[in-house]
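Next, two complexes with subunit A in common: one pairs it with subunit B, the other with subunit C.
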Partner chain A sequence: MIANSAAHFSATRQTPAAPTLIGGVARFARREFRDAIASKWFALYTFAFTVLAVGVSYLSLSGIGSHGFAGFGRTAAGLLNLVMLVVPLMALTAGAGSVAGERERGTLLYLLAQPVSRTQVLLGKHLGLAAAIICSLCVGFGISGGVLAWRTGGVGVGAYTMLVGFTVLLALAMLSIGVLISVCSRRTAVAMGIALFTWLAFVFISDLGLMASSILFKLRVQEIFGLAIINPLQSFKMAVIVNMNASLDVLGPVGAYASRTLGGALPWMLVSSLIAWTALPLGLAVLLFSRRGSV
Partner chain B sequence: MIHAKGITKRFGRVQAVSDVSFELDAGASIALWGSNGAGKTTLIRCLLGVIRFKGNASVGGVDVRRRGRHARALVGYVPQELAFHDDARLGSAIVFFARLRRISRARAAESLAEVGLIGHERKRVRDLSGGMKQRLALAVALLSDPPLIILDEPTSNLDAAGRGEVVETLQRLRRAGKTLLFASHRPDEIISLADRVLVMERGRVVQDTTPVELWPTEKPVQVIRLYLTMACEADAADVLREAGHAVHLNGRGLCVAVPRDRKAEPIAALARKQIEVRDIEVLDDVQIQESSQ
Partner chain C sequence: MSPPRLTILISILATVVRSADGGTGNTPIPVSVVAEMIDNAEQGDAILVPAGIYEGNLIIRKPIVLDGSAGAIFDGLGEGTVIEVLAEQVTIRGCVIRATDEDVTGEPAAIRVIAADATIESNTIDDALFGIDLREAPNAVIRNNTIACKNLEPGRRGDGIRLWWSHGCTVEGNTVRGSRDMVFWYSEDLRIDRNTVTDSRYGLHFMYSHDTVIEENDLRSNSVGIYLMYSNRITLRGNRLTNNRGASGYGVGLKDCDDIIIAGNELLANRVGVYLDNSPSSVDSTGLFESNMVAFNEVGLLATPNTHGNVFTGNAFVENEEPAATHGRGRLVSNDFARDGVGNYWSDYAGFDLDGDGIGDVAYEPRSLFGAMLANEPNLRLFVHSPAQQAIEFTARALPELRPESTLIDPSPLASPPRINSAIAGGGIGGARMAVLAATLLSIAVACIAALGFERGLPAPQTGVRS
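Right, the complex of A and B next:
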């Protein structure tokens, strides 16, 4: 059954090579992307997000007692809350399953036994998952945008496009946090549990905590603003609202304070917050994964 | 090819590998022999540089701790059982590993052909038998023609035919000048493949010997398990080693490899030291191949 391999090996002796840093990352990214796209979870998330996005587009006029497809600007505002619920959940769980899943299946050891570094494995997985999530979001936003363009024309498409951009940033930040959770967890179930709790904390608990803290500790408005933008979801929300040329006054005194004191620097500050939420957890994940004593 | 000095690995309170040192020349072959939990797998993982450890290890002159990626490029690793995504197809799996090692698709196909897996590329990994998975792992390990092959109990999940194929391939690789380091529970494999045997127990190398010294017989060997009281297992192991038997503790008794017609010898040796054997179980009937003698 097994052919005469010895003859071949002695005849074609060459110095085995390890892949370059970028090459290794790219190979893992491609594999991760392909696996993610083929997974049922991604199909389900993409389908659900698309249906909800089109549904929100249709229902955007309900607030003024009407129905039918609203323009891009109003739809972007309507989609804001949907994005804040669905996208963090999608990215956190995808990230949480990445390393812990490989570890639990026993495949991580085999990958690490190849001529690659831990950094290459982790960055490759992050990049591949990021590409898959962006594809999923593009499908949802694309179909919703296509329907809107067909029914209402192209007015306000800029705000909608910026919403897509900010959503990608939010997804990357949440993915990094998910990957960090995954690196720290031995089991997929534990990683998923922590990811769900983190999602709950970002979406609901932090708002409630901020409200309670502001009352209990009589926080000043600038302190409340500082605490608010620590939450990437709040940064995302404010960035989208500012981008729609709306006044942050809709967010109350804190929003009014931010508009007055930061002015044109505010959007950059919010985007920087989202970028920091992408880079710092990912950097920490790489550090912890590289220094881990076991597989 | 391998230079290991003072390799020590601890998992919390458990000392998995303790101060292991050895050298392995290019073209030579060394077997790790010991019970489950003796530290064989952990030692292999240290040598691969996939876990952090104290001490020094180099492969082909490349420091495993500092330049693990480059050291692993010199190693083909075969695990106990191939762990790869179950949904992946065999063809795409080997191409993935080929790209990691900067090997062409054509060479990947050759590698599959060499282990008799050509024509199975469309099969998913989950649909492969244990033997096919192991052959795939061997194909991956040999993709870049590495000078060193490290195998962690490569035949433990295979039937007799599968074992024979793997051992035959490894014998060919030895003849081609490859360096082998492998863990095994089977005396026949060790006798037919290894120049030296490191006997491991509780993370330590307790004996650095040769297969002939461990099993000084041309007759078939059987592995028997002796059940003793826990308190005297370590003493019993020492007694049996002094009597020239290959022994290892595996947490459920004491395993001893003996010639088939001398199974009572270990019991007699223990009786002379007033160590009582409660029960005996014959585990393996190992036919040592003629080619290995």
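Right, the complex of A and C next:
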């Protein structure tokens, strides 16, 4: 822990004791959560995600009478697409606004004047935003789960639970990247711009680029797989599919290769990739934020 | 056989058995006791075998009825075939039969029949390599048996039910779990009705077996639901094929089969709904697909490029990832996707029906750029279910010159899905559990907001507050 000793000293004159490490983080997390759920972006994203998730769940099962029970796979595929579009955007922009916004408004100085370390401030912000995003996802998945219970008789409860779980992991990873972008940016607009570009890169550019390279350079299946799982969105997608089908055969030769060679290690590998994408950018953000001389 | 003689027979046998097992009913009895009962019986007698566990292998050489419904258990002790029928007109009913050999070389079965006119009904077979094996056993009836095979890796399993050169048999109401196939070799004029096969390799597998009707079977979670090979004049009606997504993963697969009728079936959530490999193969034959529900499969209809001469009418293709595709390059245009002006329902049809006659006013011609790319570059299948795939399809819609040729042409697509219901009840299970999950997720959100979202004694840091 790298404490800001000056801030620490000045703060102890106002309050008798500095909060503990956890207490400090929790305090900032709570504040960040409150600010987040009171903000317009939270309401907007929650609304958009919920409406789209319910729409996907309902429409993919419409017009087929009593056959709905088998439609969970198709619904899940629709939800997968939706999650991969909306959740990274939500988490990246939330993270990108976190530090840059305070810095631009000048409130970051006040924050850092509290008897807490910079690490605590940043972790608190990450945690608070994470809680807010999880709340938002729970609302969306909760309501569309209700639609599924009504329309399909609830086949795929386990798969749906795992879909929610993996989505949370994806959101945490994207939030960490957003926070890292925010720490590096002086202005909110810049942070948001970089976040949007990052979103484009993860969602479209990297996949399309990999498709093109695999055709142009005649990449082998193991090369395509290795390059694909670098993208956390691909890791997320494969984790959901391997959980639902017990194999990646539906993803063609590359998926079959992954299932055959990695077997039982595959789900863990995919989850580790998501966790690494959460931990590494956040760690880097903490390092940069603690070292930074100016605010 | 007259009732008094049956009573006498039973009382004699019961005495023998009681002396053998000390009257407890749980001590194993050598199966030679039952063999003796058969030796003492007249042809055509019904032998009600007393409750007990009979160990060893039994061979039946006389036309009798072996009735185990009093609680007879035949245990092969993991050696050989448990019951072998060498005589005609034998009935085996209500027995529990278990523990065949595991080694495939002798093809050990719970029941093997090598004679005509057998009836095998209401038996429970467990821990068997092969379940019921008919070899040159015509006119047999296999009815209402429950078969669970040995828990081996798929490559080492045997068949739940196998018919070999056995014409005119009826196989109905059986339940098979975890076997290789329910397979029919060189057997003609069969009735295969209301069987359930789950967690096996091929649900129903036909090899060179012609002229058969297959109705109302329920084939779930196998590698392939029904695979017909080199078999002609077969009718599939009212079957449900769900979630067959193993290595092949076809709901129904046809290889070199002529004059097949597939009507009123449900093919749901398989990797591939219907797979056509050079079927029909003769010039003058057709394959008819009528009023089937093909929904939620990765690929609805997959065919080798040379496939021609099939007729599709009144089917519903609903929410398949790809409605129709060829295995490799090529198109499906040498098949008819309408008959007498009645086409099929396609859930991705973007046309319209202005005159309201139920038939879309423009032809259905699916032209998926990503689908065309997949046909050339199978590795790209890694990118299905992703926004990048949607982006490619969107681009193809925006720039028509990029659009590939259509994979098929349905000149008169249906404007709304036809009502198709098989006789098999749907699996409406677990609705409450999903509702509980939904409620749990919502309450997590509420609890988070309640716990963190409001002032609760602890003052927030005195800093600038965002609006």
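Keep this in mind: the second predicted complex is superposed on the first by the 259 of 295 C-alpha atoms of A that agree within 3 Å, B and C clash if a C-alpha of one lies under 4 Å from a C-alpha of the other, contacts with A are read in each partner's own complex, and residues count from 1 in each chain.
Keep this in mind: contacts are C-beta pairs under 8 Å (C-beta built on N, C-alpha and C of every residue); 3 or more make two chains touch, one makes a residue touch a chain.
Because the structure is a prediction, the values reported are computed rather than measured.
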item: Contacts of A:Q114 with subunit B and subunit C, given as first, second, both or neither; value: both
item: Touched partner set for A:L208, first subunit B, second subunit C, both or neither; value: second
item: Subunit B versus subunit C as contact partner of A:R105, first or second or both or neither; value: both
item: First (subunit B), second (subunit C), both or neither touched by A:F166; value: neither
item: Touched partner set for A:F49, first subunit B, second subunit C, both or neither; value: neither
item: First, second, both or neither for A:W199, with subunit B first and subunit C second; value: neither
item: Contacts of A:F141 with subunit B and subunit C, given as first, second, both or neither; value: second
item: Which partner, subunit B or subunit C, touches more subunit A residues; value: C
item: Subunit B versus subunit C as contact partner of A:A29, first or second or both or neither; value: second
item: Set of subunit A residues, in rising order, touched by both subunit B and subunit C; value: 27, 31, 35, 105-107, 110, 114
item: Residues on subunit B engaged by subunit A in the complex (per definition of touch); value: 11, 45, 48, 50-52, 68-70, 72-75, 77, 79, 82-85, 87-88, 96-97, 99-102, 110, 113-116, 135, 142, 144-146, 165, 168-169, 172-173, 175-178
item: Of all residues in subunit A, those that touch subunit B in their complex; value: 1-10, 12-14, 16-19, 23-24, 27, 31, 35, 38, 105-107, 109-110, 112-117, 120, 291-295
item: Partner subunit C, residues of subunit A touching it in the complex; value: 27-31, 33-35, 37, 39, 60, 63-74, 77, 80-81, 84-85, 101-102, 105-107, 110-111, 114, 128, 131, 134-136, 138-139, 141-143, 145-146, 148-150, 152-157, 160-161, 164, 203-204, 207-208, 210-211, 214-215, 219, 221, 224-225, 228, 233-234, 237, 241, 245, 249-255
item: For the subunit C and subunit A complex, residues of the former touching the latter; value: 242-243, 245, 247, 249, 266, 268-269, 271, 293, 295-296, 298, 316, 318-319, 321, 347, 373-374, 377-388, 390-392, 416-417, 419-421, 426-435, 437-442, 444-445, 448-449, 452-454, 458, 460-466
